[in-house]
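Shared between the two complexes below is chain A, which has chain B as its partner in the first and chain C in the second.
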Partner chain A sequence: MRLTVRRQRLLVLAAVLVLASAAVLLPRVDDGAHGQAQNGAYQPFACDQPGSTNPQQRRQDVQLDNGAGDFNAAGRMYPCLAGVRWHLQSGNVATSDPGTAIGQIRTAYGRKFPGTVYYAAAGSRTDLYQVAFSGLQFCTGDTTPVGACPASGTTDIQLYADSGDAPSPKPAAPYRLTIDPDQAITIGGAGVWTEVLATASSSFTVPVAQLPTATHLACGLVGGTARGGFLGIGGTCELSAEDFAGGLAQWLGGGENYTLLGVNLDFYYLVTHRQNPSDPYTQLPVDGSGNPLNSIQLPDTTISVG
Partner chain B sequence: MRAAVVAGWLWFRAFRRTRPFWGGLWCILAGAWIVRSMFFSFVLAVSGGWSYSSGYILGGGLVLFGLVAWFAPHYRGLLGVLAVLLALAAFVAANLGGYLLGSVLGILGGSMVWAWGEKTPRRSRGGRRRAVVPAS
Partner chain C sequence: MAASISTGTGTRWGRMVGALAAGLGALTGLATLTWHQALGFDTTLVIQDGNATFSSSQITADDAAFGMAPVRLGNGTWKNLLRAGFATASLNGLCVSKTETVLGGIKYTVKLTAGDGGTGLETRAANAALDVTALRGAGINLQGSTQIGQATTDLTTAPGAAPYLANPFGVPSTYDGGWFGPGTTGPQVYGATGNGGHVNGQGYTGIDATRGSLTNVYGQLWQAQVTGNITLPNLSIKVLPFKDTIGFNANGTPNSTPDGIDDRSCWTEARQGTYPR
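Now for the complex of A and B:
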């Protein structure tokens, strides 16, 4: 079987044309969502500064993780960030005892947030980290499926925001908004992905035994703090958001499940969304209903301002 | 049955000897591997701004050029160079070119396509090759 030279030439030209067309025409999967960034029809309220002609001028562009560590592949969210810092704390991040489990963090990935994070009223910062996970669960055991956390889990959970941490103008009298669950809480669930924009010093502590090589070497290699154990084996490893988002951290544990011994999280934004959404603004949850899948479960919770 | 197998083998041999078969095959395998590597749930994912599209475009391009090299051997020079360029681009843009393997295969295949030369048809069995007399 042999084509004439003329047909071969046409074949080669067609192949080059197909390749060039594919390179130009194939869209990134999040292009659909990108068009809604500045569209007031999709946003519940304006997010701009006085004098601006664009009502969504200060809306932040946050690219979401696709559920496999790719922060560039999935959809985007466009929050209007108040600049108020939330604080979530449970257990002891400085513990050296790997047996004091308070829960687990599942399939976690991290990265340094690219570019600048803008607050709605004023101010911005460039030092935040984006941590994504499929579940953050406060149970004493680490084998309970996400969403089935028993009430007997740890209740030592502090979740609050201080007005004093907000950008100026601050209120004359500082106050604290506290969310105080009486039972163990779960963030995440089947098919749900959770992401936070956290400070570099936010950290969580895991058993060294769950790291590659099960030694302090893996912890120290990425900048974590190892405690306890014997001759570099065993003990605990405290990983900050900065450690976890570093280049070596992908080798360390991107996508792994960890038993939580302590968590100390300062974050400015938390969002739950469907795993790998092409358009999180319009895409229905996995079950097709309007139910947000109980993606944040706070049983018997007291919310107070004081 | 035996005659059909022999005829098929002879057809394949003629097909193989009249075009850059092995170079094209390596290109096709390299492209398929680069596309396949986009689905791995490795903890390590390396990609540039193109993100997901790059693996499909570069891997698909290698498969395409491998196939075209089979059916348009007259343009093997151009196709070989393009295949090597795609394999190099895949290293930068698509998970290190399928974790290096795809890029290496693509460069090898593209080079083989570029350097290919048509062989003289083999004489029928029992025929004698012409003796090559060294110049004295």
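Now for the complex of A and C:
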């Protein structure tokens, strides 16, 4: 068959278009955005699922934030999750008093975690939220991060994990692992970025005065619960992880610092890492001498099993 | 007494009990045994009932992890404990004490202390693990990349660089009915099975950190293991008649109400502010 020059040109053009479309639409096996591959050297335990060709089928892929609100960063963690809920609580999320500060969360961002979160053997959930921040600093008498902190510091911090919350299979005998600090703790800090996979109902409460327009309207627009104040001004705003990651969340000023009046956080995974690493397993948060930076500080703390 | 410490095969409190029970009449003569030179030995302390305590002025550990783990007790049952594992640990002072009761209800405390008396880290151990039900530190500082929420099977604490050893805490990762050996039966670690029996440590949660630094730390000890050599300068082992004249208020201040724990145990001394150096 002989084609005219015009038809040959059309054919070539069509072929180029098909090729270009394929390049855009078809998934690439080695997508550079994925950063380092999952590596048995750093995740040696086989978090497997019989019948799967992938020996790490149940290992969770957690794509990290870049430290500036972009959750499509190169770095990824691959934990084999216990499926046990950790609970961190301090202050009172239902308070209407904006003066009872317990600490500060710095440079915080949130999003709905895309896809499914798998546990080590069975069970999964699709309703978790990813909250990233540069620091979660509770009040102390020495280095008070916010002016309204109680002078004596905050001592009501509760941090524990209950095995009973995990789906089966799980330990035959339930346990509670409690981390009970007598002084204020710090999660994250200079040079350390922290991310948690939290339930939608996890919440923190901030003064309304710190929101855009400083009104209850701002709190309500993003789905938060306003309390106290007068004529829609002042008082407090309780924001859930879902609120903080919602469509209007950026309007809240993603990346801002917030004074905390209460925290009620339920999470299944927490990780601290260097800001925007391409491989968080090898690029650790370190100081200028190569020493690892403080990531979680627990002063005067009792850890117990009950 | 010397027979209670063995090289290469470990130290077992049970043997110590037997030796001491037989020679209780000579307890006074055994009251103090001290090695003034550094000793080196592979050691495993196996404690049957958890009635032991430890303390240290400082533990700094690379590749530190804390994970919930089931431990089979001498009576065949399982107990959930917190296993603290360190690829390499450097200590400033170490104290381990254990109270025993022998025939006639006589109680005594065996106490091991080591340290050069200075402020630096002088004792080093590789692949160390402590099983505890209570741990207290004036400072528990996790550094570097820290993860919370992994299954304990997923923690890494083996010394050296990658590739790391899988499941160094040895938490059962399968539900096979044969944890007690082929053809045997007994209570299962897990309450149910799933994932084709590959339970993978689900429900046992842990914390993994690049480095852990524990200051003025003490705890209730169930088991301690060190793989490889550990050098214990100025090792001292004492057998002390049980003495209990003090207790503690809720705020940690001492009182005169006995609390059932030997006044000279590592636990009680640490609560009063005395740590081995």
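Criterion: the second predicted complex is superposed on the first by the 238 of 306 C-alpha atoms of A that agree within 3 Å, B and C clash if a C-alpha of one lies under 4 Å from a C-alpha of the other, contacts with A are read in each partner's own complex, and residues count from 1 in each chain.
In the analysis below, a contact is a pair of C-beta atoms (placed from the backbone, for glycine too) under 8 Å apart; a residue touches a chain by one contact, two chains touch by 3 or more.
Keep in mind that this is a model prediction, so the values were computed, not measured.
Trainee: Which holds for A:Ala120: it touches chain B only (first), chain C only (second), both, or neither?
Mentor: The second partner, chain C, only.
Trainee: If we overlay the two complexes on their shared chain A, which of chain B and chain C does A:Asp300 touch? Say first, second, both or neither.
Mentor: second
Trainee: Could you say whether A:Ala172 touches chain B, chain C, both of them, or neither, answering first, second, both or neither?
Mentor: A:Ala172 contacts chain C only, not chain B.
Trainee: Contact-wise, after the overlay, does A:Asn72 reach chain B, chain C, both or neither (first, second, both, neither)?
Mentor: It touches chain B, and chain C stays clear.
Trainee: Pick one for A:Ala161: touches chain B only (first), chain C only (second), both, or neither.
Mentor: A:Ala161 sits against chain C, while chain B stays out of touch.
Trainee: Return the residues of chain A at which the contacts from chain B and from chain C coincide.
Mentor: none
Trainee: Flag every residue of chain A that touches chain C in the complex, lowest number first.
Mentor: Its residues touching chain C are 39-51, 58, 77, 79-84, 86, 119-123, 161, 163, 166-173, 175, 177, 197, 267-274, 280-281, 284-286, 291-305.
Trainee: Would you tell me which residues of chain C are touching chain A in their complex?
Mentor: So the residues of chain C touching chain A come out as 66, 68, 70, 78-82, 132-154, 156, 162-167, 173, 175, 187-206, 209-211.
Trainee: Going by the contact rule at the top, pick out the chain A residues touching chain B in the complex.
Mentor: 1-3, 5, 7-9, 11-12, 15-16, 18-19, 22-23, 26-29, 68-70, 72-73, 250-251, 253-256
Trainee: In their shared complex, at which residues does chain B touch chain A?
Mentor: 15, 18, 41, 43-45, 47, 49-53, 56-57, 60-61, 64-65, 68, 71-75, 78-79, 82
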